[in-house]
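The structure's right below; bear with me while I get my questions together.
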């Protein structure tokens, strides 16, 4: 069990390949938590990872490890970290030589090295692979070796740059489970770069969404993934853009938000009347019903009339988007439910959700 | 057509009889080019590593350097070395002109850019991310260099082969600074030229066969090493 | 509107890169339909595509276009096809020169070419891009040009080899919608290679799942994606392996299947009593309820008691796996529902599904 | 140190005065090497395309061919050509030994493997999938070749430069088959060797400057073309 350590960066500015400038006034990863850096390719997430991981000195800015400023030249700080990249980048030779590499740099005694290598390989499910040449490994095995090579160092900070992106989905799913299990055992602080929001949602405590060098949204995974700050983030996360409204009444922990003509929603939040807000409802919290259905005794405060505007397949379920006033709300609906209701694009529907499901932020 | 048969028979007799003049010439070639290659490696490999790991501007410079340095006419090198070592030249007092040392100097100048260029190419073919990966595991810049050179070791073999191959076949510069003195500075290439001009095709052919054999052996070895390395790395990266 | 044409291959055997041999006794794509070739990397799907697309002559086997045998040397047959690959592979030069390439090969007159190029670019949303150099395009634009370059030929068969796999998810989602819209307008016969089962489900009429050079499952998308023939296919599709059982009663279009001690399910199917069958229920058709809940008047025939064995995040929803007798059944559950029921691993639950939701096949 | 200054001044005077003997030599060099390069392209490019688009075994052969062919010692080529054209040789009746034609033949043999190897490398760098893509749009094998060569055109420029650079700097073979006859077969490299051995450093330096200038110009041009092409293709593929 590693002792947790917090990692932060402040006032970072650094130009990077795609022509943008990384510009991050402040980002922090509390001790023992996982931050997902989420964004499309060329958004600067790998550059930010390299800066946080002391692999690259930014043109400007500071990196703080447990509150103390550190730099790429602080060997002590660098030895507290380890990274796994999208490709395994194994060194020519045996599996053991690879896993041992960081231990030799740390001048760990030879007998102890062999022992720790064996344990690390066991941990990633590759016991007995030590003597194999890396050239004989499959893609998934190679990526596990890369993970073992980092874990054997018992790092206090682990940096993962799309560690699963180059594998096919079957392997990727298997390894994601392995990674998650392994990381949960440790108190390690993790920065996980990904372009896949499902992956981010599955692994991260906090999420920072990046675009064109900037962090456009940052916060607990549950918030960021449900209340995108702008249309770009919404589209990137595969969500509808948030609705805009004005608080008309407030009290008892609830606010009424007017959004468009004759549409009002109730949300669990505290804002002064008159405040302009944005809001969103996670698709998994929205129920749909046919227009004529009598929705039984439910604790849901919001029962709105809307029109189905889109029905899209999303893997095993369907994503139905309904327009309510001027706001679009999406709902995840199982095929069984969709068949039963017979919903079609252009038809009316009831949109039902609880006040506590509504995410609100002042505009 | 008998000219070929005659020359082959004469050449074979010369080699088989162990006629001293032929093997003396071969040994002189190997000694001079071997020494020049070894010294060129000392300068060329670190320089090549430095150029191969730099980005953008420095890499562009390396490209120009490689192209022109490798394309530098050996006769131009020979001219400058000959002038420098000539009696009126700045190093004339050393009396090195028409010695094996002079030939080593000229070949060193010819081989170094080749070794630099091939090393740089091999090193720059090691993914930058591999160095980044090493760094992320705690490697210092020195450790990074060790690892990169280790990963690029096939390229170093190629550099040695390319450098050695370029100078053992060269004739202009060694003529100019060596002078083709029998038993001393007569090497395979200069002897082949001389014997050919004298119409002694048998002698020329015997030496040419050995020269081609050496060059072939170096290249076959190199290809074998590269192919086995490629096979070894197949599936990786 | 292109006139449909059917494409088929028979008795195909061909060794391919990963050391396996492609071995496909028969595969058929009916006119105007889309077949998805689905499988992990190295499964031979791209090789099969190349064989079907007359890009590669197999060591053995025949390719049939509308029932007639054709080969790579049949220029007429080859001119009826066009392909788009994972990367755009644009030729150096302008966008117009690229889109025009196939038209020049078909000796279309110059004025007509310009007109068709302009139309094709408009169709993929790139009107006005004709004179641009391909070097100035973004990844998504380049892939659209590749699509336009194929569509401008009005092919009767379109071959798509992971056309979206190299794009980031945002772009990939946008282009998937574009591709789907464009293909739906035509009566074109499509073979779509992918390793992504969500993508396959979204685009394909039929699905062929490949592994190690063989087609391990083939049929209408809805069947293949719900009743995987074996454990490998099940895991590849992210599903539970099908259950095994024996038909005990049959009649009125329903069968009772005994599976393990004291567990019986009812399925809409016709098999003789005593038949050994495999069965599966699509996760989107399975409802869960707490053990003590009184499940109201429902038409669902199957209400079984089970134990929750796994709860996994799957994007916006959760995938809950319950063990019923010796069979695992998965259910997609929204977060709202999961919270409300308070289900945890190891707890008992009721598993509810209709007889018509059960997919059955003789073993 | 005056030796350098003296030579530079004398060399400059020679060039500036337009002394006929210098420019005659330069023209002879350009004529011979230009002709040899042009003819070598005719053979080398199709052969290079063929080798560059084949897989596995043939490609391995191409690698060996490239390494050994490019490393073939020019003096060995010179020997064989000299024997063949000598009075007793099979083509002796043509009386070509010590003529520009003989030099073109020798240089042609030296340049062709270089051009084949560079062309093959350039062509094999065009992704196989690009040819597959062309085929999928209806291209015949001939169309595929046209497209591939068009995509690899920068490689062809490199092939021309490499072939020309290799032979214009070569001295051994042209000495052996040309003979360094003033006004006829005396080219830059042979003249530089001769002038140096005679101690006429000014003459040698003037010619060396022109030779280096030509080689440099070819390489700078090549680098510029490659760099602009790389920039042009950046972001693509």
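Letters A, B, C and D mark the chains in the order given here, with residues in each chain numbered from 1 onward.
One rule holds in what follows: a contact is a pair of C-beta atoms (placed from the backbone, for glycine too) under 8 Å apart; a residue touches a chain by one contact, two chains touch by 3 or more.
Keep in mind it's a predicted model, so treat the numbers as computed, not measured.
K.L.:
Identify the chains in contact with subunit A as well as subunit D, in label order.
P.N.:
Intersection of subunit A and subunit D contact lists gives B, C.
K.L.:
Count the C-beta pairs in contact for every pair of chains, then give the pair with the highest total.
P.N.:
Per-pair contact counts point to B-D as the maximum.
K.L.:
On a C-alpha centroid basis, what's the spacing between subunit A and subunit B, in Å?
P.N.:
Using C-alpha averages as centres, the distance is 55 Å.
K.L.:
Taking the mean of the C-alpha atoms as each chain's centre, how many Å separate subunit B from subunit D?
P.N.:
Comparing mean C-alpha positions, subunit D is 19 Å from subunit B.
K.L.:
By the touch rule stated above, which residues of subunit A touch at least two different other chains?
P.N.:
Counting only residues that touch two or more other chains, subunit A contributes none.
K.L.:
Line, ring, star, complete or other: which describes how these chains touch one another?
P.N.:
Ring.
K.L.:
Among all the chains shown, which pairs meet the touch rule set out at the top?
P.N.:
A-B, A-C, B-D, C-D
K.L.:
Touching subunit A in the complex: which residues of subunit C?
P.N.:
It comes out as residues 40-41, 168-171, 173, 195-198, 201-202, 235-236, 238, 282-285, 287, 313-317, 332, 334-336, 354, 357.
K.L.:
Which subunit D residues qualify as touching subunit B in the complex?
P.N.:
The touching residues are 1-4, 7, 60, 63-64, 67-68, 71-76, 78-79, 82-83, 86, 88-90, 165, 168-169, 171-172, 175-176, 179, 188-189, 192-193, 196-197, 199, 201, 204-205, 208, 211-212, 215-216, 218-220, 222-223, 226-227.
K.L.:
Which bits of subunit A are touching subunit B when the two form their complex?
P.N.:
Interface residues on subunit A, with respect to subunit B: 50, 53, 55, 75, 78-79, 81-83, 85, 87, 89-92, 101-102, 105-106, 133-137, 142, 146, 149-150, 153, 159.
K.L.:
Report the residues of subunit D in contact with subunit C in the complex, numbered from low to high.
P.N.:
Of all residues in subunit D, those touching subunit C are 127, 129-130, 132-140, 143, 147, 150-151, 232-237.
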